[in-house]
Every structure is written in C-alpha cells, then in structure tokens.
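Read through the structures below before going on.
Two complexes are shown next, each including subunit A; its partner changes from subunit B in the first to subunit C in the second.
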Partner chain A sequence: MGAGKTTAISAVSGIKMVKTEAANTDRGLFNKATTTVGFDYGEVGLDAGHVLRLYGTPGQRRFSFLWKIVAKGAIGVIILVDNSRPDPFDDLGIYLDNFKQFVDIGGVVIGVGRTDSNPQPSIDDYYQFLAQRDLILPVFAVDVRKSEDVLMVLDVLFNMLEVSDAESV
Partner chain B sequence: MGGDVRELHISHVGLSEADLKRLKAVMVAIVSNGDVDARWCMGDATTANLVLVSPDSDVARQFAVDPARNPRQVIAAVVGESDSVSFECEKLAWPIRLTSLLDLLKRVEARASKVDASDVPDIPNAPADNQLMQLARLLREGESADDLVWRVSGLSNRPVYVAAQQRSFIYEDSLLNLLQFDPHAALQMEPITADQLPPQDQRKPIRMLQWLIGLRSGRIGLLPWLKAGSTFRLKQFPEFQLLHHSSEHRRIAAALSRPRSGIQAISDATELSLANVIAFVNAASLCGYLKVSDGGAIATATKKPVAGTRRALFQVFRRALGIASNDG
Partner chain C sequence: MITKNTAQLREEYGQALREELELLAAANGNILAAQVCTSDGFEVASTRRTDESHRRLAAMVSSMQALGAAVVEESDLGSYRNLIVEGSEGRCLMMAIPGTDGDMLLTVIASAQLVFGILLVLCRNSCQAISARLSTTV
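Right after this comes the complex of A and B.
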C-alpha cells in the first residue's frame, strides 16, 4: 500500500482513470487518507480500436484474492514496492510468491518508490534479496509521478516478455 | 528481404521540408534509373544505414554524436560546399543533387559489404595500452585501491575529476559533451589534492561516467579483461532512470537477464549489431552490473525466429505509449 499504483497508471492512461479509493482504515500501517480497495483501471488506445488495459490491485494482503483474478489474462506484472514500509522485502516476497507464474517466465519488473526519502534498503539490497531466491529481475528506483519512469518500466517489461517469448518458441 | 538484392535504408534528421521533398524526388530518380546495386528504402533513423542530417538542427547534432547510436551507420551532413561541421561525418553538398547523392549511396553500399564480410565474429579486445583503457581500469568497479582523486583531461574541453573510491566524479559542464569524445584521443590522468577540486556539490554518481566511458570504449573493442566467448549475465539491471541509454540497451539488458554464452549469442538473441552489444557489455562491466564466467558453454537459447510471437503486439504498445521503438 502507498507505493503509487494509482499514480503510475494515471501517468500513462489515455482515459480518465477508474479509481476505487476508499478511506484508509490502516493508518497505523500507512498514514494516507485513502487507499485502493478494488481495481484501478486505465486504458491506452491502440490501433484499430484495440485497447491496452492497465489494472492496479490493492496492495494489502487481505485483498490477495483480487490478485489472482486480475492475473488471469495479464501478460506481465509491475510490482511497485514502497520503500518507506517497515519491511519492504516482506512485501516483495509476498508479491513474488503470489505472482509466481510471471516470475517464472521473467515477466516481472520491480519498481521501488519513495527511495528519495527512504534510501534504505538500497536497490543493491533488493538485488541481493532476489539473488537469495536465485532470481534476476529488473529493479528500478522510480518516481511514479514521472511518466518517463513509468514508461521506462513498461518498456523493460515488454523487453523481458519478448525474451521470454523468443525462448519458448 | 528476399532474393539476392541487399536492402539498405536511408533516413533523415532535422532536414527542412524543402530538402526532404528534394531528397525523396532524387531518390525516386536514382532508384528508377537502376543506378544503385542495393534496394534502397526510407527507414527509421535509429536503424538506417545512411542518415542525412542538418548540422543546424540541435536534434540532428544530438543524434549524430549519440554514443548509443549504431556506429555502423553513416551520417552525412547536408551542407554548403564551404561549410564546416562540428561533428565527425560525411558531407553531402546542398542542395541535394542526383550525382552527389548517388556517390554517397555507392560509398555506403561498399561500406555495408565490407561490414558484412567482417561480421564473422572475430571480436577484438581493445589494446590494453590505449589510454581510454587505462581510464577504464581506473573506473572499474572495485578496482580503486587508493583514495586518490584524478584529473582526467582530453575527454572534452574541461577536465573530469574522478574520485573512484568515493564513487563520484565532477564535471563542470553538460554530460552531453562527454558523449562526443574520440576513443583514440590522448588523455592525461594525474592525481590531485583535495584543494584542487572544484566545488563538491557538483559531484555525480560515478556510474554515470563509467557507463559513458564503457559505451564509448566499445568503438575500439571489448575491454581488455573481457573475453568474447565468456558467459555473460546481468547481476543487476543498469539504472536506466539515471543513465543515458537507448531502447537497444533495454533490449540487451532483458536478454542478459539469462546467461548467454558469448557476445555473438547476445547479438543473435537481440538481433542487434555486435557493435551495440560490445558497447553495452563494456558499459555494464565497468559499472559492475555484469557477471562473467569462463566455464564451459552453458545451454542458452540460440537464435530463434521471433515472428509469430508477441513482438508485433509490444511494438503496437510502444507506439501507443510513445516509447522509442527497438525495431524502428
């Protein structure tokens, strides 16, 4: 929670986003007024009327049943981790376990938010965490308010999926 | 591409509407006369064999000096007979005429044939005594045993101050100026004392310099401590949000999320030129992003056709999102 999923989708969505923000009742865990309780939804218009759909899911573990729903039909996952959380590695581990089917094919990119105000753990620490799981996945410090950061993360995800495709032909 | 006729691409950056119209008309005449051996088509500037640029255009200048640009491209500035150009390139006399453009196309065709012949992967290491390699060694991750600060002159008009152990450098100008240096240029490296340093608030993370030097060093070959046949894999992805990079670099990085046996295998997997791959590998090595092993060949995927995969779909996504394309 608080990693910036709603902001990230807003940064690239071509339509006014559908948000499902509600009052945050977990203020002890994270001090923000509202939080996502359903799907955030954004769209990017493609050729011939097709649409790239971007879904954001709530980060709290109690919403994990939604993660499985949104993963159906998804082609890849961007995990946004909030570096100001007490144990961001614990959060990341939960997401990696729950989106294992994407981890296994390399269809995951990890964005770490709020690194300016919370420089620890460092991005190098994230790579060490992944190495302990024998994983090499892209990890970037991102400012999701900047569309160029969000687009860079998306492009790296597309590249990871292309590599995965080429090797599963 | 089919048959025996090679397809080459021409593109342009920064040309005026009038010059562009003239270029197209002259190209049509050349192609319909059958004066060239290759099948010439208009293409994207990032992948074209020949790119005509206007030296008056900032975008064109930027493009011409970009170290991430494919060094096999021929850049030709469209200029008046007596005009000079601030960057290294061919010249095409303005206004564009059939004979001068035809000469240029023939030269590019000849060069492309030579490049093809040398494409057999005999990948050289840069000579260890090259001064840029000495700088690379100084910058190499984990190599700095002392806390000396070095003043490096010769990369541009202003010196670069390198504090390798403090993981920072100082350069009192736009980093874009560091994209243009000649990798064969004479460099001077001298240790200095702290009181000779410019203001400390201008320090930048050393990875920005390591990355630029690594990319540029690719023009003379692999860094001396790398072997073309080693197995390469990323330990971590380059900090793209910080580093000057191209879409090709993102593609190579993704390919190197898995082990690859040899430079050629990376080139095959990404369908990018060896020059591009060598530049990336050098830069990633200098920054400490790369894991290199010399054990026996491992089972990595060989080149497979990507047609029929979702590549086309991702290209549609990129276009819609305004992300620079890998494929042009």
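Right after this comes the complex of A and C.
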C-alpha cells in the first residue's frame, strides 16, 4: 500500500480513471486517508488505434485473491515498490512469488518509488536481490507522479514482452 | 469517514454488533452467517468466531462493494446501497450500513430456501439497528 499504483495509472490514463478506494483504517501500515480495495483502471492509447488497459490492484496481502483474478488475461506486470517501507525486498519478494508466471516469461518490470527521500536500498541492491533469486529483470527509480516515468516503464515492459515473444518463436 | 482503526472499532462496538448479528441470524434459520466489516476489508464482528475464511470474506466484500459503487457511479444510479451474489445453494447480500458514509458493510449469507424479499427486509432492518448502535463519530 502507498507505492503509488493509483497515481501511476492516473498519470498516464487517457480516460477518466476508474478508482475503487475505501477509507483506510490501517494507518499503522501507511498513513493515507484512502486505499484501493477493488482495482484501478485506466487506458493508454497506442498506435493504430490500439488501447493498453492498465489495472492497478491493492497491494495488501489480504487482497491476493484479486491478484490472481487480474492476472488472468494480463500480458505483463509492473511491480511498484515503495523504498520507504521497512523492508522493500520483502514486499518485492511477495509480488515476485505471486506473479511468478510473468516472471518466468520476462513480463515483469520493477519500479522503485520514493528513492529521493529514501536512497537506500539502492537500485544496485535490487539487482543483487534479484540475482540471488537467479532473476534478471529491469529495475528503475520512478516518480509515479510524472507521466514520462510511468510511460518509460510501460515502454520497457513492451520491449521485454517483444523480446520474449521473439525468443519463443 | 471512519477515523478509528479496526482494533478500536472491535473494542468499542464489537459486542454490540455481535448482538445485532445474532439477532439477525436468530430471525430466520436460513441465515447461515453474518458479518460487519470495514470498507477496506477488515472484519469487525461476525456471528462465528473469527477465522481465516471470515478474514478473506471481509477483503472480498470490500472489493466487491467498491466495484459495485463504481458501477453505480458509472451508470448514474445515485449512491451505492447493496450487492447480491446468487449461487445455486444460496445468496450473499452485501449492504452499506447507513450513517457510515459507506465505510462499514453488512454481509449476510443465506441458503436458497430463504425468499429473497425476506432476506432483503431482514438485512435492511438489521442495518438500521446496527447504524443506531454506532456512534455518529465512527
């Protein structure tokens, strides 16, 4: 919670975003007024009239049933990690485990937020964490309020998926 | 909007809410379970002891309610009131508790033997009673 998933989709969506937020009663975990409990939905227009549909899921583990639902039919996953969390690697590990089917096909890009105020762990530390799991995935510091940052991550994900597709042919 | 956390809600209102839920369950033998949870998916009170299944149900109801509210808004249907899920063996009714700004939800599971209209009336009455039990500062 609080990694900026809703903000990220809002930054790039070409349509009025669908938000499913509720009052946050778990301020001990993250001090924000509301939290996503269903899913966020936005769209990004692509060339030739194609549309990329973006779904943002709640981050808390109690909503893991939704992760499975949203993953059905998805082509890739962007994992946003909040670097100000006590143990961002633990958070990342949970998502890597739960979205393993996308990890296995190289359909995952990792965005790390709040690195300005919380520079540690560094992006290199993230690569080391992934290497310990025998994973090679792109990791970027992102400011999800900036559309160019979010679009960059989406672009990288597309490129990863194209490479994956080409290798499987 | 709720200003208290789940532990505070359970401590202050848990007993009163359990009493209301027990009254609801006692009103008709086809009511199998009832629960009050927060709109962000935490169980506050239930007719059964807290277990894993109820915790999961609270999170699912939270998501369903939020999606239902989004559909209501998209369709210009006013404010969200309730959501019904029907299975071959029964129904699950999820209702926003009046006076909580949609921040607290009643969920009732009933067997198919219970006529839907009766379930709806029982739930509405229970919601009113629960609302009366909750202070306006929730």
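Going forward, the second predicted complex is superposed on the first by the 162 of 169 C-alpha atoms of A that agree within 3 Å, B and C clash if a C-alpha of one lies under 4 Å from a C-alpha of the other, contacts with A are read in each partner's own complex, and residues count from 1 in each chain.
Everything that follows uses one rule, which is that a residue touches a chain if its C-beta (ideal position, glycine included) is under 8 Å from a C-beta of that chain, and two chains touch if they have at least 3 such contacts.
Quick caveat, the model's predicted, so the values are computed rather than measured.
Student: Once the structures are superposed on A, label A:Thr115 by its partner contacts, choosing first (subunit B), second (subunit C), both or neither.
Tutor: In the superposition, A:Thr115 contacts neither subunit B nor subunit C.
Student: So, does A:Ser13 touch the first partner subunit B, the second partner subunit C, both, or neither?
Tutor: Touch partners of A:Ser13: none, neither subunit B nor subunit C.
Student: Mind working out whether A:Asp155 is in touch with subunit B, subunit C, both or neither, as first, second, both or neither?
Tutor: first
Student: Quick one: is A:Phe65 in contact with subunit B, with subunit C, with both, or with neither? Answer first, second, both or neither.
Tutor: In the superposition, A:Phe65 contacts subunit C only.
Student: Please write out, lowest number first, the residues of subunit A touched by both subunit B and subunit C across the two complexes.
Tutor: The answer is that subunit A has no such residue.
Student: Which positions of subunit C touch subunit A when the two form their complex?
Tutor: 1-2, 4-6, 9, 38-42, 55-56, 58-60, 62-67, 69-70, 74, 101-103
Student: Quick one: in the complex, what on subunit A touches subunit B?
Tutor: For this pair, the touching residues of subunit A are 12, 14, 44-47, 50, 52, 75, 106, 123-124, 127, 131, 136-142, 148-149, 151-152, 154-156, 158-163, 165-167, 169.
Student: Could you list, by residue number, the parts of subunit A that touch subunit C in their complex?
Tutor: Residues of subunit A touching subunit C: 18-28, 33, 35, 37-39, 58, 60, 62-63, 65-66.
Student: Write out the stretch or stretches of subunit B touching subunit A in their complex.
Tutor: 233-237, 239-241, 247, 250-251, 253-255, 257-258, 269, 301, 304-306, 308-311, 314, 316-323, 326
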